[in-house]
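Look at the two complexes coming up: chain A is in both, with chain B in one and chain C in the other.
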Partner chain A sequence: MAEFKLRLRRYDPESGEPPYWDKHTVELDPHRSVLDGILEAKDSQDGTIGIRCSCRQGICGSCGVRINGKPGLACNTHLDEALARGDGQEIVVEPMGNMPVIKDLIVDMDAVHWRKIQSVTPWLLPREPVPEREYLVAREAMVDVTQSMACIQCGACVSDCLAMEVDPLFTGPAALAKAYRFVGDPRDSEHYERLRYVAEDPHGMYTCTHCFKCVDACPKDVNPMGQIMRLRRIAGTDFEIEDRNNGFRHEHAFVKNIHRNGLLHEADLLPDSYGGKFDPRALPELLSSIPIVIKGVLRGKITPTKALLHPHKASKDVRAIFERIEGEPARYELNLYVTGTDDPPLQGAGDADSGAATEGAKR
Partner chain B sequence: MKVAYWPGCVSRGFTPELHGAMAAVAPLLDIELIELDRGACCGAGVIAEHNQELADTLNARTFALAQQTDGELMMNICSTCQGAQSECQERLDANAEYREHVNATLAGGGLRYEKGVVNKNFLWVLVEEIGLEQLRSLVKRPLANLRVGPFYGCYIVRPASRVGIDHEHPRDKYLGQVIEALGGTVIDYAGSHKCCGFPIITMNKTASLMQAGRHIGDAIDADADCLVTPCPLCHLNLDLQQPLAAGVVGRELGLPVLHLPQLVGLALGLTPKQLGMGRHIVKPRAVIDWSQSVVAGAAA
Partner chain C sequence: MPEHDVLIIGAGLAGQRAALAAAQSGVSVAIMSKVHPVRSHSVAAAGGINAAISVSDDWRSHAYDTVKGSDYLGDQDAIEAMCREAPGEVMHLEHIGVTFHRNDAGELDLRAFGGASINRTAYVADITGQAILHVLYEQLMRNASTVARYEEWFVTSLLIDDGGSCTGVVARHIRSGAMETFAAKSVILASGGAGQCFKPTTNALICTADGLAQALRAGAPLMDMEMIQYHPTTLLENGLLITEGARGEGAHLLNKDGERFMSKAAPNKMELASRDVVSRAEQIEINEGRGVGPDGQGVYLDITVVPRKRTLEALREIVNIGRDFAGVDITREPIIIRPGQHYIMGGVKTDIQGQTPIAGLYAAGEVACVSVHGGNRLGANSLLDTLIFGRRAGEDAAERARSTPMPACSDAQLRNDERMIAEIMARPRKGRRISELKNELGTTMNRYCAVFREADGLQSAYGTVKRLQEEAQNAYIDDRGTVFNQDVLGAIELGYMLETAEAIVLSAIDRKESRGAQFRTDFPERNDAEWLKHINVALGEDGSPEISYSPVTITQWRPEERTY
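Right after this comes the complex of A and B.
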């Protein structure tokens, strides 16, 4: 048994009072969970502490909170681990971010998280005619979506999403991971429609700013950002959906740019991202960036020769790599969540998932 | 020490002052740079988004080029390169069969990647290879009274396990440690580990600029004299786009943003001019005035 100091953020919007910090000391085994600590304080010291929980074993996803700055499940975070994460003195527990507080540590998941989940049609739209018995699919075809299926809807990723912080309408990591769950499912019949929806939405998948926050936040290793990148890959390459947000054009302009130059040639990237220098869409963007370009030229950042000539060409072997790989009929994608690691990592590589070596997931 | 040096694209394109500053600072730190001038773009996450194998192969090629040199390790000066390359390396090092598959493609160019390249951003090299004590001893002009906000961005601190953050390597605190070692004051503000917004500048411009604008505003509110970043792409959104970001957040900004080698160079006695600080969009006037007054003070 050891003593743990909990500092809880308390807030009751209905009271009209501002939020405040509340301290409790509990005595528990260090391997007990932060949730156990909070419930202990609630039982023995203050019954009005608001916390949501049910399964108490990391399954239901009810107990999402922020513990010493990091979002996660209160029930699968050990007290000693939580302590080590902070200043070593106390365990600070706050409600999740990006969602309004209902009371204390309980946030309004309906207003944000569930609405976004609903927006992606989170159920299977099967092909007609529906088979009379089981719908048989190859095992390999389903392996790829298991990662997105591991989601328990706890909202930890939503809590920390940096794009949502500036654009509350952004569909967000959990809902987009859910969208992939069906786009990657061979039984679903509406892949194109689903992709078009998240691509065309000005607050859809192209608003993800690639910040990795959701990757670190998720207690179930769902890697929502990775699922978003897959959505983009399939929308952009397999379905060639030219969205109005420039997502498709930006990706293709970038890849073409490197294919041609080996290194990024920025002067071309901006206009190409908007459809090329002579595309009507490029004009307003180029005009709006003119003051910056002029300043850049004056300060020696953008040299006119650099902007007009190509100072660098991709070497032959770089071109050969592009042509070899882009020429394949199917992409070769390795998902470490599925395959695990066969070699123990030598240097700071990521978590090795359990499981022996299997072959890479080929699409 | 000798390092296989990967400058990346942006440090030679839109932010040439970064590459220049690194070249000026390296000899002062006793770093010999063997430039990997045949390397291709790391893909900045965009090539991986398009085709993972393509990004993995291009970066395996750069790693292979680094392994051909006699550098002790590979060093980059761009967080985005660090993050994108670490992601590819994670896959390459995890699976022998996949590595062989990629190596078969590289064989066309006479190259081969052996598992386990050590690739460190200049920030990590400063703390882990050179060491804060050594750095402190090299300081000629301590950054006394300079209030510096660290801006890490995303790629160099997340995902924590991939970029090797643990108790022994608190890499998410290194910028602060370096600022302190150089004699400066570290500013604590909300945006230090958030996203600059650059990846979505062409897709959701308002959200992108709002990110940059808010972080700069938060740092100004915390009385920062400048920001320092290990990422040239963050620099683009924070400096080049700062006038537009100011418009989006509806307040005056005007906070200088320094590249990491520039900050180190100032403390090691180089002049703002030698460090290309005249090339920034937001004139680093506060920093330049400061450095000149400190030089004048030291001479007196």
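Right after this comes the complex of A and C.
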């Protein structure tokens, strides 16, 4: 047993007062959960503390909160771990971000999270004809979509999504992971339409800035950013969807750039994103970026030689990586359910069960 | 006053399946839940769902296993219906999007489960309940124009008219505190189990017996209430469940000497005998000093014998549970488990259409007792039960609604419930806290009404429950607000739990034999001559519970000795 100091963000909508901080001290085993700590305080000290919770085992998705700055589930975060994450003195618990607070640690998920989920047509549109028995589909395909199916709709990823902070209309990590759940499902008949929708939407999948926040936040290893990247790869490579947001060409420009230069050569990136320096589509974009270019030149970040010539060429090693990947008969996708974790095998246990990425979900 | 042809209370698997079935037949449907539907406890179901879909299987074999598992207390007409309709139901789920895992031929893969004579459990890794619940919720979103959803509404009472029919409910909007009367031609109770009457339990904090007590108060009988399932593998530390799927994948149970002790109680099925059998065997090891852990209160579950890659693919959730809640990597070392409260076989008595003896009131899922589980439920039969009887209840309730006029409801019950809530909030802060009483109830039930029971212990549990009922009249809460007042809901739930616990203890005292989950050390044998019958508990004229009996329906399987 040890003593833990909880600092809870409270808000009582009926009081007319602004949110405030509230402190409670509880005595519990260090590896009990933060939820246990809060419920202990609620049960024995102050029954007015508001927090949604039900399963206590990280499966119902009720108890999403921010603990010492990091979003996650209160019920699967240990007290000692939470303490170590902060200043070592207190465990600070706040409601999740990007969603309005109703009371204390309870946020309005309907207003944000569920609305976004609804926007991606979140149900299977089954391929016809519907078979009498089950659809016959590859074993890996179902294991693969299980990763996005494992989403418990807790909202932790939504809480700290950087792109959503900037663009509240962004579809967001959880809803896009849900979109992948159908795009990756061979029984669904509308892969193309689904992809086109999230690609063309100005607040769709190309709004994500790859900040990794959602990957860190997710308690179920759903890897929403990874699912977004997969949506993009499938949309771009398999369906060749050239979207209005120019996301597709921008991504290709990146790849081309690295292939050629080994490093990111930003002066080429922009024009390449619009089909190359001499493509008519590039002109307005190039014109609009002139002020940035001028600033860059003034600050010495861009020099005319660097911009026009290519001082750096991709090394043999970089080219070898490209050849290796492009030479694969199928694309490999990392998926925890398929490949397991990537921790090293135990001595003597180094067989096919090591869990290393020996097998991937193929498309 | 909102009116709906069919109103469903509870949005777990039973409730959502009922709503979708009722909506299919074109009536107006509403579903109401005290938590967002995907937070319902069905989400925690891990291992899978049984159906005789393999070409080498037959629904009769599934039915026989279920009858035997029930220790012959299950009603065989209901069991037959469930097992016959199971393959069609699983295919339906597959067609609407459940991502069941496949074998190498691309067909549904089937895993082994306890008490089954063949592999017949379809699964999605070990998140089967979640995978099905979320897909049903997808369908509810799809059918939003025909199924109204009242999410985070707490039902406080069922409405019963002068003729004794159920005509709707009273509920509280948790977010605003507003109370409302809902009129309905048919009401389906799908409000889940009563695990919180026990501590520890595998059940979620919301499993507080609401529907059981509401039905009892409304005059419906509860059946088989003594049959409380203790699951063989719950974490020693906090009672969380390790799915039976682990043993289905091949995990072993070991005592402190490293012995696979199931060889004594079930030489053929070993770890995959019925749950009551395995839990008793474990408890014997513990009681006789061969347990492990701090006070020798557990035994080992060794999952390291399952190939690591398979564990990571098919048992991923319990890898997480082991890591997060016990600090153990289950792929590398055994984990300490013990029997823990998991499920109630009993519930509101219904026929095979889900109808209770009260006109207009249906029940389905864990809150109901058809009875397909009898004295002991087989693993992976509960999800099936919720879906089959959820659908049946939904269809029958819709049918009834088509020939019934919309009832006129008064707001008398609404006023009553408002007064009751105001009274709780106004209690002075002295005496005991609601949370203390709940704690005492849970530990008492777990002590005296567990794997092994006997008369004195049960009597003492009864005494405690009655005392707690008294104390609950004055127990106080802190929250006087209207928005998300969880405190006052906790007080109401405690009332439900105490009434349900009383029914459980009374039934356990009454059944003077050992059958299924009820093992009386003072009556250690099964006694078919006297006790092959259901115990029913209903409130008598004076409002106190009374016991009566009803026969067990036997179609083709006569009771036999039960060995595994």
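Following the convention adopted for this analysis, the second predicted complex is superposed on the first by the 289 of 363 C-alpha atoms of A that agree within 3 Å, B and C clash if a C-alpha of one lies under 4 Å from a C-alpha of the other, contacts with A are read in each partner's own complex, and residues count from 1 in each chain.
Everything below uses one rule, namely that a contact is a pair of C-beta atoms (placed from the backbone, for glycine too) under 8 Å apart; a residue touches a chain by one contact, two chains touch by 3 or more.
Predicted model only: the values in this text are computed from it and were never measured.
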Review point. Taking the superposition as given, does A:19 touch the first partner, chain B, the second, chain C, both, or neither?
Key: neither
Review point. Counting only touches as set out at the top, which of chain B and chain C does A:162 meet: first, second, both, neither?
Key: first
Review point. What is the contact status of A:97 with respect to chain B (first) and chain C (second): first, second, both, or neither?
Key: neither
Practice item. In the overlay, answer first, second, both or neither for which of chain B and chain C A:145 touches. Key: second
Check your understanding: Does chain B (first) or chain C (second) touch A:130, or do both, or does neither?
Key -> second
Review point. Which of the two partners, first being chain B and second being chain C, lies in contact with A:258: first, second, both, or neither?
Key: first
Exercise for review: May I ask you to decide whether A:203 touches chain B, chain C, both, or neither, giving the answer as first, second, both or neither?
Suggested key: first
Check your understanding: Looking at the overlay, what does A:57 touch: chain B (first), chain C (second), both, or neither?
Key -> second
Point to revise | Doubly contacted residues of chain A, that is, touched by chain B and again by chain C | key: 336, 340-341, 346, 349, 352
Exercise for review: Would you tell me which residues of chain C are touching chain A in their complex?
Suggested key: 35-36, 38-41, 43-44, 53, 91, 94-97, 99-109, 124-125, 127, 130-131, 134-135, 138-139, 141-142, 151, 175, 204-206, 238, 240-241, 307-310, 312-313, 316-317, 320-321, 324-325, 327, 332, 433-435, 477-479, 481-484, 486-487, 490
Revision key, fill the gap. Listed in rising order, the residues of chain A that touch chain B in the complex are 84, 162-163, 165-167, 170, 202-203, 206-213, 215-216, 229, 232-233, 236-237, 245-247, 250-252, 254-255, 258, 262-266, 270, 273-274, 285, 288, 291-292, 295-296, 299-302, 306, 314-318, 320-322, 324-326, 331-334, 336, 339-343, 345-352, 357, 359-360
**Study point:** chain A-touching residues of chain B, taken from the complex the two chains share
**Key:** 9-10, 12-17, 38, 40-41, 43-54, 56-58, 61, 83, 86, 89-91, 93-98, 101, 105-106, 108-111, 115-118, 154-155, 158-164, 167, 169, 194-195, 197, 199-200, 202-204, 206-208, 210-211, 214, 240-241, 243-244, 278-281
Check your understanding: So in the complex, which bits of chain A are touching chain C?
Key -> 12-14, 31, 33, 42-44, 46-48, 50, 52-62, 76, 78, 102-104, 106, 109-110, 117-118, 122-124, 126, 130, 132-139, 141-143, 145-146, 149-150, 152-153, 185, 187, 336-338, 340-341, 346, 349, 352-355
